[in-house]
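Presented below are the structures under discussion, each in the form of structure tokens.
Here come two complexes built around subunit A, the first alongside subunit B, the second alongside subunit C.
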Partner chain A sequence: MPDVSSRPHREDVSIRQRIAENPGPALGWLAGALLLFALEAGAVVHFVTGLFGSPVELPTLLSRELIPNNGYQTPSGAWQETFLGLPAAYAWALRVVLVYAYSFVWMYWLWRGYLVFRENYRYADWTPRDDMIDRLRGHRWGQFGAIIVFAFVVMALFAPALGPTTVERTISNPYSHSIEYYNDQGQLENITVGSANLDSRSQGTPQQNVGPMQYDQFGRFHPFGTLPSGKDMFTFMASGARISLFIGLSAIIVSGLIAAAFALLTAYYKGLVDLGVVIVGDSIMSLPRLLFVILLTVVLSGTWIAEIYSGAVILALIFAGTGWPFLWRSVRGPAMQVSEQEWIDAAKSFGQKPRVTMRKHMAPYILGYLLVYASMSLGGIVIAVAGLSFLGLGINPPTPEWGRAVDIGQSYVTTASWHISFIPGVMIVLVVTAFNALGDGIRDAIDPQSETGEGEGNEAAAATGGGA
Partner chain B sequence: MSRWQYFAKRLLLSIPVLLFGTSITFLVIRAGPLDPVSAILGPQGDPQAYNTIRRQLGLNQPLWQQYIDYMVNMFTFNLGQSWVLQPDTSVYSLVLGYAPRTIWLGFWSVLIAIFIGIPLGFYAGLNPNTFSDYFASFGGIVWRAMPNFWLAVILMSVLSQSEKFFFGFDWQTFLYSTNVTGPPPLPDPIWKLFTNPDQFVRALKKIAPAALVLGSASMGNEMRIGRTAVLETINSNFIETAKAKGVPPRSLVWKHIFRNALIPLVPIITGEAFILIGGSVLVETVFDISGIGFLFFQAVKNGDMPLTGSLMFIFIVLVVLINIVQDLLYTIIDPRVGYEGGA
Partner chain C sequence: MSEQIQQESVSVATGETLVEVNQLRTYYGEGGIIESNPVKAVDGVDFEIKRGETLGLVGESGCGKTTLGRTLIQLEDATSGEVLFDGTDVTELSGTELKDWRRNSQMVFQDPESSLNDRMTVGEIIREPLDVHDWPTIGVVVDADVATTIEGNGVADARTTEGVRSDVTVTVRGGSVTDVETRDEMQLERDDVEVELRGDDPTTVRVKVTRSRDQIRRARVRELLDTVGLRPEHYYRYPHQFSGGQRQRVGIARALALEPEFVVLDEPVSALDVSVQAQILNLLEDLQDEFGLTYLFIAHDLSVVRHICDRVAVMYLGNVMELGETEELFANPKNPYTHALLSAIPEPDPTADRERVTLRGTPPSPRDPPTGCPFTTRCPMKIRPDKYQNMDADTWVAIEVFREVLRERERAEKSLTEQAKELLGMETRFSDIDEIKRELFGDIDLSREVEEHVDRAAEHVADNDEQGARRVLREEFGSICDDERPDDYVVSDTGRVSHCHRHMDEYTEPDEFVPYTER
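== the complex of A and B ==
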């Protein structure tokens, strides 16, 4: 036991100094994190260099190059060019399992990191956050949400590695790529992906349909079946998940920042500032949201910003611009509450700068509420983006978006190709329900009284299909 | 602050909201990169005609002049004409032509949601933690998360081949022979709907699937909130007191529990109106009901600015009105209004 009194008080030492004093656990954790990162560093390098030009290829653990599932079946039934000669479906499934296992290990490692911090570097033995985490651990409904959200986020992050094929090969540029297969005469034949797709279309008849978990005649495995154009639907969905998550997250982050800033300012200064924001917010809320978003999407469709990431950036900005008053409304109450507390008065009379007071004494209190409503509205954005693509607006084709798959499959719902419309809809329902459930979980964790207190206010905040 | 003072404050606040909302619409439509002249002329218009039309429409005037004209026109309810979609038709006649179908749709979607959602929620709340409660609660959660457009697509397809899915029950020939999609057959003078039961049932059958879809989200919401509200009321002290006093169970449920549980449902029911204004676009598109949402969508897609602006103004007025009605209801029902702060 070192002599505590001879050193500055633990609370006054910055986290960096605390780690410098006892680097062991932190270094151990960091080494593990680096090891985990190194396995997938190639994918990150690929992505970053891809933003500035032609991407750099590096060996990566969880890539389709290392565990290929695109091969062909010889007449004797053996598989060529797939991973270890496994059937295409198993090779693909193996890759999916590995990707999820890898992500799970990451999750576990981050949790370990938090524990390391808690045990070795945090000055307080106990903080209210510990209780929140304990409550979240007993919240089955919230955990259900967290698991689905985790699955969705991993699907979006690893979209290129998860699909049985890539967007480039099957959707955007199918005639520049080719595959090999054994034709009816038993000869190895080369065919472009585009021509192969023409024979693997899902057109509603049992003869012309590739359903979920089926092979087409070229030995390509389609976990979700194919689209009416013969393109692989799982690849489409994974890539669509990425764009949905991108729009949802960036819109929520931007509108969350605006909402938090306004909530703090209005709660701190009250009076005219509050009135001004109320009027601006109410005016934006008085425009029917979906119709206004449709209007903005059409009006801004010709601008340069609508070209970035197939229109995802402009959509995110539109949703942020129209969505912040809803978030602000929901954190305004808690912000007002905290601004009435004695410690705010104390901070004011100490002569603390308003900015510091808001950041240090008010922001932490509303952050939890913001998280709850952000999680719940994220589902609404996913639905609205899908609704826009369903109408043919928003994300420019051919970039995949879930709503477009629903649109494409409309006329096949009662036929053999039911999967085209059905699967995206079920996935939207799952993701939206999961974000709502996660929001419920966080709410009960930060505010255990809310279940009996003001539950109905939060109920209404949950995202519903009514938005689109 | 008394209840009516609170209400007056809300009423006063709606004026700047109306002004500001309309200004935002103007900004988006006129100051945005949308060019209505080329929308009228098509891609190969000659510059001569282009300039003529531009002058006719007043687009060569400075922006502030256009802004003042627009605001004055809107607030004197001089809503102008359509330029592109149906040239030279006044916005009024277009709205009168399209709105009845949307109102018919909205009316039934509100009603279906209320009559299914609230009783289910109250039932679940009165029998908490039973199998039927879990079934209803879970059903409500999933049901409201379903995107309207997807539900509409699925329902439309299933109903058009209902004999395959419902053991020979054929929706299309049920009662009256109709297609699943298409506008509801509303009689020409609209009041015939109420004098002629045949017309009424025919129009109702046609709108029912779309109304069910449009009401789905609110139905789920009403169920969830009805359940929570009943549970909360049951566990509150005044119910205990009433029980101890010997109030009979029937009057306990109807007089003490239901009336109080209805309060949190008010904003949900009025809030449905927003969904009807905004969400009807997709449902109307799928079910091919040429209503007001469909009209708005077409106007936006074809660059028909004046029609878009006028429709948006109508929507803003409607939303503000609904908000006032909601505040009024609150003021009447809940005596605590105005005491909890919040503007």
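== the complex of A and C ==
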């Protein structure tokens, strides 16, 4: 007893008091965070004011205005109007590097914030979360996933700043914007982007092709080459990342939530509740999914909800609505299994609420399965959205979408314009794999019994057994 | 005043009834859509548990002892009957009342591997009951020379609020606070409590606790860890980092967190190593002394029961067959079932000459228990009709087995194909009655009378009329054991009860009766 009540214990002091006692590290970290934020504050102000009317323009570090890459090359080879007169490719690359560096610094700073808290302000020397982080630190496969996912998310977040040009200039409104270039006669000429695009098309022949990392004849740099319509593909991809990420994640999150909720309810209450969900779920699963999705897309195409975000919201909802039974089926078994554990009875015996019992005592056990299945289904959704775009459904053109690029490039795969299908295809594979790897890593990290490396046995095997 | 408080916190008055169970029935799988033939896990049980005692509950696997324990703490809904806890029928409680009552009765589970959530730390596990009940509500007692009212956040008058103990005692004399005492279990010290007096007649005693609930709970968990023999640093460990015995200690700490009066111990040591069992049993005994707990100890290890229990109830097929003081019951079992059960305890002395009663077959299905005494199908002391008193043991056993076989056959479900085959007069797996007869009675010389009845029964079976066959045998060989449920007979001065027809005056008492097989 004496060592139990040896006080004042550190935990007896609130976090606010603990910071007040030793403000140094906290203030240092906060200053760094504010500085980082200030660099991009303009973009946030732009976004927020944009919600309420015309956006306010403020200079920001990573904007294309500060580091422009749209310029032209004089016959002597010098560059005009680009950042510091650098070649367009370097100016663009500099911006990309800065964007990613900025994001990495933010990540690092958040991590440092956690360390500062852990070293200076946390009352416990050790908590279970430390182990979770340690397990994730030793999980190479999960880290691989995390890095790719991070790159993908940054691409989606900073899409307007990352592209060599903007969606507005080259895709949605090319004839309202113009560029300057030196023509064959050595004169500076003004041409609309739309007309320029006609000469930078990738049509499969060596004469009509702008491949990856090439300039077109107007001095525009195309990191991923151009589309058959002559539009810049990197801009297309960066912007498409946003919509793919949005649809994929929101569909999988919504269906994952539905699946988890139903799995917990059916496992906890069993009986009629279970029967009801089984009937509903099986009915949905028995429908041919793609056809049903197509039907819904067509039926709902005239409604107001189909207009939001070029149809992305409705697509996400449709995929969530038709996809949850698959996820639910795969976690129902584990949920049933965990509902038979004695700790559920124990919770009941001291009067724990069913809701809390499900969340605390059952949900953590199905989360691992859910993460694995969800990350696998995510790829399916990205691919299905691409399939819909191919059929002329889904995301309304001209809003960029990765799947559409794959489909557009299909007939050029064996030609000089192979990049049109190949690059988006590889990126889809990479992103889907990365989400899968990250899911694996998180699952292993949250399971205190898994040791890094060897914990992939049971659950992963069980999970792939049913669904792959 | 202060004497009364002291008495309350030191020990509970023993002897009065804490739990009373009347005609309790718990059936599983009732109200099926097609056919309702529930499993009668607990089938009409009466007993009471006194405050501060340990009642043992023993029986074979599947006899319903765990279900009974679970029903007592309302983990299963009783089908009928009542469980009176301090006079309140808890089977009728629901909602908040049920939740409040749950503080009083906790359970320690059998399997320490399964009863602790592996994803939570030991500290979180033990803390959970405290969080659920928003513990603590600090009970305040004011000892004053004027009229007072109590005020404050998370504070209640211990004298008027049920289930709240006197955690803080404030003494007021002559308009000022002269003394403040705190109870150890509440993790409060004198400095943590601020007391303020306001106004007079009635004086408002304002009690303010300066420690946060979180802090009090954490300290309480650390103290509980210490109480059950673990170290306070184990707060942040996970259950899988502990051995079975340590895990069971965590389970015990969780059960004790809310300071319950009644704890159901469901085979708390049967999953543990023998070396650890004794430690846990001693811990349980110490805790009982320290906190005045009342235990229901469910076990199938009879020597453990003999060691720890004050009284023992012996269960068979959902019924309590015998209930009485442990030593007396072990030394001189009255009920035939207890007799058989106790004779199965291994004797450490290999030269000891002991009769062992080996029971025939397995217990009947609890879906379809015998109509008379539950033990009738296996009882070695079953009452026989007078004319068969002197029948030789082999013949009697053969007849009993024959009846058992018919019982099982009648219960067995016949598939559609088998029903069709029966209608067409074809061979089914049920049609080999002659073979059964040959096997059972082949080596035995049956008297003409017996043979006649056996043959008649066999004919019924050949006509697919198992019911008829059983009726024939019952009329001829049956007795009161097959027809009527025995009453509970008081069989000793200490109030031991036994559930057997042989306690009726006209029959030989079971403990005086020599089983037919022994003659």
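To be clear about the criterion, the second predicted complex is superposed on the first by the 343 of 468 C-alpha atoms of A that agree within 3 Å, B and C clash if a C-alpha of one lies under 4 Å from a C-alpha of the other, contacts with A are read in each partner's own complex, and residues count from 1 in each chain.
Everything that follows uses one rule, which is that a residue touches a chain if its C-beta (ideal position, glycine included) is under 8 Å from a C-beta of that chain, and two chains touch if they have at least 3 such contacts.
Here the structure is a predicted model, which is why all the values come from computation and not from measurement.
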Review point. If you stack the two complexes on chain A, which partner ends up touching A:F158: first (subunit B), second (subunit C), both, or neither?
Key: neither
Check your understanding: What's your read, subunit B or subunit C touching more residues of subunit A?
Key -> B
Check your understanding: In the superposed arrangement, which partner chain does A:Y268 touch: subunit B (first), subunit C (second), both, or neither?
Key -> neither
Point to revise | First, second, both or neither for A:W324, with subunit B first and subunit C second | key: neither
Exercise for review: Examine A:G333 and indicate which partner it touches, taking first as subunit B and second as subunit C; both and neither are also allowed.
Suggested key: first
Check your understanding: Touching A:V406, do we find subunit B (first), subunit C (second), both, or neither?
Key -> first
Review point. Should A:F236 be classified as contacting the first partner (subunit B), the second (subunit C), both, or neither?
Key: neither
Practice item. Could you tell me if A:Q352 is touching subunit B, subunit C, both of them or neither one (first, second, both, neither)? Key: second
Check your understanding: Where on subunit A do the contacts from subunit B and from subunit C line up?
Key -> none
Check your understanding: Across the complex, what residues on subunit A touch subunit C?
Key -> 1, 3-5, 7, 9, 11-12, 124, 126-128, 341-343, 345-353, 356, 360-361, 364-365, 446-449
Review point. Which subunit B residues qualify as touching subunit A in the complex?
Key: 13, 16-18, 20-21, 24-25, 28-29, 32-34, 141-142, 144-151, 153-154, 156-158, 160-161, 164-165, 214, 216-218, 220-221, 224-225, 228-229, 232, 235, 264, 267-268, 271, 274-275, 277-279, 281-282, 285-286, 293, 296-297, 300-301, 303, 308, 312, 315-316, 319-320, 323, 341-343
Practice item. Enumerate the contact residues on subunit A facing subunit B in the complex. Key: 274-275, 278-280, 282-292, 294-296, 298-300, 302-303, 333, 336, 379, 383, 386-387, 390-391, 403, 406, 410-411, 413-414, 421-422, 424-425, 428-429, 432-433, 436, 452, 455-457, 459-460, 462-468
Review point. If you look only at subunit C, which of its residues touch subunit A in the complex?
Key: 70, 73, 75, 98-99, 102-103, 106-107, 109-111, 114-121, 128-129, 132-133, 184, 187, 189, 211, 215, 218-219, 222-223, 226, 232, 236, 238, 240, 251, 254, 257-258
